[in-house]
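Same chain, two partners: subunit A is paired with subunit B first, then with subunit C.
And then the complex of A and B:
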């Protein structure tokens, strides 16, 4: 049987002779250094650079006009209409994708937790959406599914209408009529299998004897779910929400591919807006300032997230 | 399970799988059969689209992707395995702080690093170079790999390690005879996850490469403007680039969960 947290280890390791403590300490740290140095150089230094650039007026279309402007870019970031829309879109996009895929993933995990004919095959087919390359998936939804003229959605509608004797189905241009839902649906399709996998692992780690005891005591399926399964799943649900949020907040592929942020800026999320500021408007200072604000926001969210993760292996830490 | 719920389970499964099935099916069609309304799933299958892709030279893109993914995965392992060892088997003091430092780098949105990375890479003359992607993908996957590998190495029984040391086994012996057998499946799972994330990465690839170093996802977005004229070919390309990850993912389903959850779920 598997558990989310490691069982507490037996008593603390035997005290080692003090004599070599100094050497040993350093010898133990050596294996850490390459990865630490590499990570600091490649991930932390760029942020220092971002911080510096964010205090400059710097548009590469106006060469020779690069100068220090202090916090002006930040003032711009906090007052710009487009950026505010982008923040809102990011929240809407992330929250709806994560919540819907957790709910659908929970439903699928509950179904797949039971034995039925072809369960293994069903699980295999279900994880496929998560394994399709995100850019490929986005193009697939844009052209093969949402396209008003020959997409699968309208095509199916058409076929159904003809089946019932009507001439033709309605021609809905899904992406321009429902831009945000179109992006959300394609992402939910990609992320539901991820949630399902994590929640299925949680369900299968349920202690069998407790479930058995509940059944013997005559608890209804609903009561068992509410009082035993759901509390047990809580950690797994939190983990799913957390990891899902980290990845979905950064969504770039789907927005770039399906809607290019449009129509207008209806589906422009923060990563895409920063990308536009950088590579379309060439406003490096503003892009950097927006980046800094995003990092600060992420740190706030990450603080909560790290606490959740810390609780996941609290028992192991206590060894 | 009652027949009703079995039916519901299969219905949901097929609904989720339908787009993938549609992609594969369309990839074996002629363009004329792909763009019909209502759809014509029963048209005669053909390999033409795949043949066209290779004659239109998708090959260099696939090679760039393979190179960036495989080399960065190897680098990640070379850096992550010793780190994970120092964080689990003989944990350094405050090893949890180190773990959380690595994880915290994953919370920083990659987009905020794009501008400085772009400027540095440009100054270094490394734009449109696969090695740039190798370095970035290594940094991107290293924290995940450290967390995963640590969770696998933590399963090496402490008692056996101590017994081996008491018996006078040296470090190489301990690593080879005790740690390696337990860690091997974990190493495979970690490589798989790193490979998947690198193979699929798009944002850095599209912004930092142009003609020589572009990867498979960048090849794909070339279809963005084509207003459906090449739907079948698009589906063939989408199927082709997704194939390595689909095969690897199907083959290693059990390992996938643990990898995706950074080793927290087994």
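And then the complex of A and C:
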């Protein structure tokens, strides 16, 4: 329908109309410029600054010693033993938290997907851990639950021992004996509700007629779950894993509060190591370089996340 | 296409420009409200500081007309904030509390105003009354004061008198560490859930690092020799650390690797530990019947020793004035008032004598009201502070001042990382040998920059 109205193409198009078109476009865009500038300032400049700082030897406690060192800080980041441990810890922490909370979240979502009296209340209560501030949650776990003297875990253990006639149960020092599991459990407690919400949304988007058809065909509950529900949930699970990964990689509060990265560096993850570099060592260059590496890693994960979300929408549209 | 690119460039440079303008605006505006009538004070959130925040307006501001705006932060956040503010010359604060660790380092960097001239001019301040070790720890290499002490502390042994009496044990006034280990073994389990001793096991240069270093000193060890040789894996350092780790593992508090000052204070005051080696300033809390189950039943002894005559540490929270301040006169008036004798009396009369910020002046201990309130621990505190020698705390000469730390910028990082490993040894996750071998490597890296 447009072919007829198009002006005939010539070898040298008149310059005038094009310029006015461009001017018009920009005139319309000018009011948006402040917003653009603001966005650039708050999102891009800090990162550029970080990039620049990462090429400097800069310890703020030694004034007058700031100088350009090229990629030396990155070399340090990739060769430092502590940072390698931190990367490993971050992977272990993130993977275990995300996988366990997806599994638990899936179970809870399946339960909540059924109708029962008080379902609304149960859902609200189950979401609660996700709404607790991370520092508050970490303090709660450290003191109210893990503390060897007055914590709930040892209290319960002792009560059970007393039931069977013993004087006192064992005093287990949970945080020192099982540092990584201690952090993981507290994070799983926080992140399970998040996974549950996403998977519950997925379950409730499941077409009822398919499930009914399966029932009519005499498929067992297990078979229905394996061959219909799980494939349907796949993208929701992927989304949960990716979003969860992006957030859990950045975990700081739990590590800082519960274990302080210890004992030794057994629970020191990347954000905590960067914090130590920044505020104990005051090596801004090294901290910036480590930060840049983390950002690049996160971008890779985020790209996958965005792709998953995009495919989710494609499926919705095509349906 | 070209116009678009130009505009992009314009937008970016405009943004960068506005940032620069913003920076100079912030830097330029500080101090422009002039007159020196309002000063900004940044301080650590200890009880003594909260007291002064309450008392300032009705007394200091009323008398001088100088308004004081306080920012109070917990210790770790305070360190982060004050270091960045001073190091980047941001100039947000006219006065900040810093500790004995920071003074020599910051003085060398030229970040602090010297304060001797202010203190000398003010006869009522009576500089000669300040305790000598505290003055040494807050002085620069030129012998001038670079911070005025607000209160000072050393370390000592505190014990539950009832438990010792029940077991028929007398704790010597000047114990040795092996004696303390013996006593810890005897009183371990004296009451249900009670352990023999509480010692810091929490990683951190100011936590485990402080108590452990005093033990290392008295066992003949040091972090660095006079000519900057790292000594972390030396026999003396190893012996001290093994002793400390074994003692805390065998007779120490539950959850030792996670407990610092606060946890030990809890354990001691709730009768979960029979002895505790820590700061002299803890006594005030142990004697507070509102929070402590053993108030009035606490015995005190000097810091245990082995090879040295004394081994108590030395710390002081002190007022410093960053060079960036534009209100030096008003700020100095506040500092002199806050560190003065009159302020101590004011606290005693208004809030109670046990809350006096003590440990910095000889005259405090001559006050009859204070001697009565500080009862059993006042004397030991004063003598421990006087006996501490920050320039020479061990058996060999040192490259810097500091009893329980090494006054170099790298020590925050070095101390934190080494104590992380030792804390892991306390938790049974590694051995002392391995921890100190790794620590030695870190210490050698640090030492290298100082060897010339």
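The criterion applied here is as follows: the second predicted complex is superposed on the first by the 276 of 319 C-alpha atoms of A that agree within 3 Å, B and C clash if a C-alpha of one lies under 4 Å from a C-alpha of the other, contacts with A are read in each partner's own complex, and residues count from 1 in each chain.
Quick note on the criterion: contacts are C-beta pairs under 8 Å (C-beta built on N, C-alpha and C of every residue); 3 or more make two chains touch, one makes a residue touch a chain.
These numbers come from a predicted model, not from an experiment.
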Contacts of A:195 with subunit B and subunit C, given as first, second, both or neither: neither
Subunit B versus subunit C as contact partner of A:147, first or second or both or neither: both
Which of subunit B and subunit C A:280 touches, first, second, both or neither: second
Subunit B versus subunit C as contact partner of A:98, first or second or both or neither: neither
Partner chain in contact with A:109 - subunit B first, subunit C second, else both or neither: neither
Contacts of A:187 with subunit B and subunit C, given as first, second, both or neither: neither
Touched partner set for A:262, first subunit B, second subunit C, both or neither: second
First (subunit B), second (subunit C), both or neither touched by A:36: both
Subunit B or subunit C, by number of subunit A residues touched: B
Subunit B/subunit C common contact set on subunit A: 36, 45, 147, 149, 279
Of subunit A, residues touching subunit C in the complex: 22, 26, 33, 36-37, 40-41, 45, 59-63, 82, 147-149, 168, 171, 173, 175-177, 179, 259-266, 268, 276, 279-282
Complex interface listing, subunit C residues touching subunit A: 3, 7, 11-12, 14-16, 18-19, 79-80, 83-84, 87-88, 105, 109-111, 192-193, 202-205, 254-258, 267, 272, 409-410, 412-413, 416-417, 420-421, 423-424, 426-430, 435
Touching residues on subunit A, where the partner in the complex is subunit B: 2-4, 6, 9-10, 25, 28-32, 34-36, 38-39, 42-47, 49-50, 53, 107-108, 111-112, 114-119, 122-137, 139-141, 143-145, 147, 149-150, 152, 154-156, 158-159, 162, 189, 192-194, 197-198, 200-202, 205, 236, 239, 243, 246, 249-250, 252-253, 256-257, 270-271, 274-275, 278-279, 284, 287-288, 291-292, 294-295, 298-299, 301-302, 305-306, 309-310, 312-313, 316-317
Residue numbers on subunit B that touch subunit A, as the complex places them: 1, 5-6, 8-10, 12-14, 16-20, 22-23, 26, 34-39, 79-80, 82-83, 85-87, 90, 92-93, 96, 98, 100-120, 135-136, 138-139, 142-143, 146, 154, 158, 196, 199-200, 202-203, 206-207, 216-217, 220-221, 223-224, 228, 231, 234-235, 237-239, 241-242, 245-246, 249-250, 253, 256-257, 260-262, 264-266
